[in-house]
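You will see two complexes here that share subunit A, one where it goes with subunit B and one where it goes with subunit C.
Take a look at the complex of A and B:
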């Protein structure tokens, strides 16, 4: 036995930098209402669109609204949609995947074919129909985006559970006479937490991007409220004349999505390193 | 403190009766008529090579067979209850409370994410509804009788903090914490260091004796079983080929396979030399002959052995065996 030899896990600067950036964005989003900002909805038609200045750091839009304030309030909505949408996706995906993997056999076959089928559908179309049908509310946005983002999660979880259910400690738990829901919750769930967490982190930017897309189409967040997506949408029309209206929220959205992806990747590498410390 | 044992009717025997199982894609049954009787409060050894169906026989009683296994025939009965036809809820009521199990590899039989105390007390808390503190005391007591040093520390630890022998003793304590009537132990010492095997086996037997449990000990080691069980059954290629009191099996085995196993096992006394091995290897499920599966390796085999399924020859109190050749030995 070699005792406690711990090889240095490669320190990942992308993980740290992206985490720091996300903390900053998250912190700003949380603190927005308490900051001394212009009212994001206050119009100043006389002022109109202005370029970034010391007065308005990010400039103003054609209605004279402060873009810094609108971007920060938009962050709250974009992040909220990303997080809640992901939570919905994780909830559905984990439950569905666990049951399919646990039941196995014909039930599993059927449930996974349903997933395959849904994969094949143009899901954005599905969300669009949903939004049009049930109205463009935030709740529907959460549900709609969550409802189309759980498929991969379900597959990941199902695969994990399939391999876990044959483990001796799961057999031992079953031999103790514990009901299935207890085994799933107490014995299986903690063991799949790591991949679920990693995948959830990677789902957040996807959901945010989808929200931006929907808002761009005018199906997402409804004015005067703004998300990054709807800001880009409003700005895009005037791109030639006032490019900062697109560039500022666009850059912030891009960098945030990048950071989320880096963070998820770094997390995955870190966990893989812990699984195989060699 | 001790928990009053359930006031119950006299405990019944656990009986495997002509159990036959098959897996899809195989033409021959993997278990081909397994008959065993585990008497209440007694010990039974199940002997066989890997692949002979020992573990499947055990798992079948627990209702933990692989999903694909097909029940072809036979029963496993506890009194009038057929364990194979129980629904999931009724089976869960039996598990842990009436039937306990210890598995082969202690390193994988404990959930790495949960503390020993949590896993051990789950059944007491969730099924028997015993409050946490009290359940903890019961677990401590069980760990102590299973000779875990510092049982309080053991309760708080996670599996990786324990040694292999400790883990298996924890698992024995865990399987018996609700005082089941029967304990099925599937090769409980095989995965352990040779040095700790004896101690673990001793704990298992002691615990079984103290709680008056019927103990099924599965092993491939004929002398290990010889030293610690009252009755023994020898399994080959999915069938029981010989069974009876341990002493009879060790001193006057009747089936050629049992004889071969005894001859092939190393002994401490007597002259050293090459051990007489049994030629060949056990057949895969679909290589099995319609007659006696041991015939191709048997030095006494007659031409008819490969075709005719040997009848069970009963020796009354002395058990029985399945060989038409040695039957005539008188």
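Take a look at the complex of A and C:
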């Protein structure tokens, strides 16, 4: 969850494969309500837990619910939390980073010091407390995860703004007396959009992982809704008898996180290559 | 160094104040859970704990207790037979040994893996190593833990499945916890080592006819370790977070479980105690890594003075 380190990607096929995979997952998640699937909440206590079969591709859980259907509906929630949490993080990070970079000097120093300090804290504890004390609602989940995931974004944006604010067109805009708000929105923001998007892509898997972590502890998505994390959590209790209940959603979560990381890293490498043609 | 120490104390204070206010503005309280308690008794408890006073005054009293020697963490609000330290102390020992073991595994395996990958840049060894590292990043602890448990405890029967009674019980949780930092360490070392191996230091060393082994381990490795050191601070933070999950999977009586139970029970004093212990641990770790960095990297010395 900490430190962005570049993955060893040389060929862009990883970018393509991961993008294709993400399209597939995203498409399935969007199409889920229209697919001919079993009701994810429909219990069948007589059936009980069954291993994967032709009837139930991913098997069923102890309440006889179809795991394929639950996994697909879970994808909707996991991805939704990942995207909304990221949006919150991007909002905070971009604003904070832009102001720090724009003001520069002491304010910048202080603001970045705060970011450094927050980096060293186990911020998930803050989210745990938020969820326990202020209610386990989706809104709190979005806010909590977004509020702790903006640090890297703030650093990146601040660095970009710092290098942009001395450019001629920015100086010209200032000379014409445009208010700061307008300069930031019209002249700075469009020019930092690319790196922001790339790092937003890398934030999505982190937020999804954090959601799964919370759901595993029973603090994230609440039943009857289920995300991949809560599916794993439900399955972990019964792992000894029915290992597929963890292995199936666990594998899907892992592969999706991997694909998101590959995709984000691939985009970043491509951007770096455009900036500095070898 | 002194300013850093001061900054650490300030951070601790900020965390304390923030958590204190956060728990006081949250709806509900520590004595709501016992339904049978008569209202009069509840009010008496609230008065006894001073929860009816203004929050800043409560905070002041709490901080005053902390300034004593030894610091007074008060009694647990929900289990008043124990002081907070009596609950937190033994669990800190468990969590600290687990975390330390995991960090050791991560460094002892992660650094050589990173070196191996960098030396065999682009070849098979590099690919395999980085695949291992990638798995560590992509497979979350709550998937890896049950998986390891299934393979090594249930199928092979080599290691105990859970609980915390002997050294053998430590192996699976420590490796589960180590996976993420191991992968990160390997990737950090690989990328820095790669840069250094293409740089002047190594070219000079090679031109002197030194053996490749000597070039890699004596001339390149210290430089490649530099990014690992500032990372140790955040790594400790992520170990702390990760241990919450690992404790639950392997049924370990650690500090993470204490924190969550305390949060659920609204045991304010217990939560504060856990927060204090964690914060001190992390601040010390950050100070330590700063010091190490200055020792290892001459560039940091001039930049800081």
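The rule is short, and it goes like this: the second predicted complex is superposed on the first by the 265 of 278 C-alpha atoms of A that agree within 3 Å, B and C clash if a C-alpha of one lies under 4 Å from a C-alpha of the other, contacts with A are read in each partner's own complex, and residues count from 1 in each chain.
The definition used in the following text is that a residue touches a chain if its C-beta (ideal position, glycine included) is under 8 Å from a C-beta of that chain, and two chains touch if they have at least 3 such contacts.
The structure presented is a predicted model; accordingly, all values stated were derived computationally and were not measured.
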### Partner chain(s) touched by A:93 [first = subunit B, second = subunit C, both, neither]
neither
### Message
Quick one: is A:49 in contact with subunit B, with subunit C, with both, or with neither? Answer first, second, both or neither.
### Response
neither
#### Entry: Contacts of A:212 with subunit B and subunit C, given as first, second, both or neither
second
### Task
Name the contact category of A:233: first (subunit B only), second (subunit C only), both, or neither.
second
### Query
subunit A residues in contact: does subunit B have more, or subunit C?
C
### Query
Which partner does A:104 contact after superposing on A: first (subunit B), second (subunit C), both, neither?
first
### Task
Would you mind writing out the residues of subunit B in touch with subunit A in their complex?
62, 64, 67, 88, 92-97, 99-101, 103-105, 108-114, 118-119, 122-123, 126-127, 171, 174-175
### Query
Tell me, which parts of subunit C touch subunit A in their complex?
11, 15, 19, 22-23, 26-28, 117, 122, 126, 130, 134, 137-140, 142-143, 146-147, 149-150, 154, 180, 184, 187-188, 190-191, 231, 233-238, 240-241, 244-245, 248-249, 259-260, 263-264, 266, 271, 275, 278-279, 282-283, 285-286
### Message
Can you tell me which positions in subunit A touch subunit C when the two form their complex?
### Response
1-3, 5-8, 10, 117, 119-125, 128-129, 132-134, 209, 212-213, 216-217, 229, 232-233, 235-236, 239-240, 243, 246-247, 250-251, 253-255, 257-258, 261
### Query
In the complex of these two chains, what residues of subunit A are touching subunit B?
104-105, 167-180, 182, 186-187, 190-191
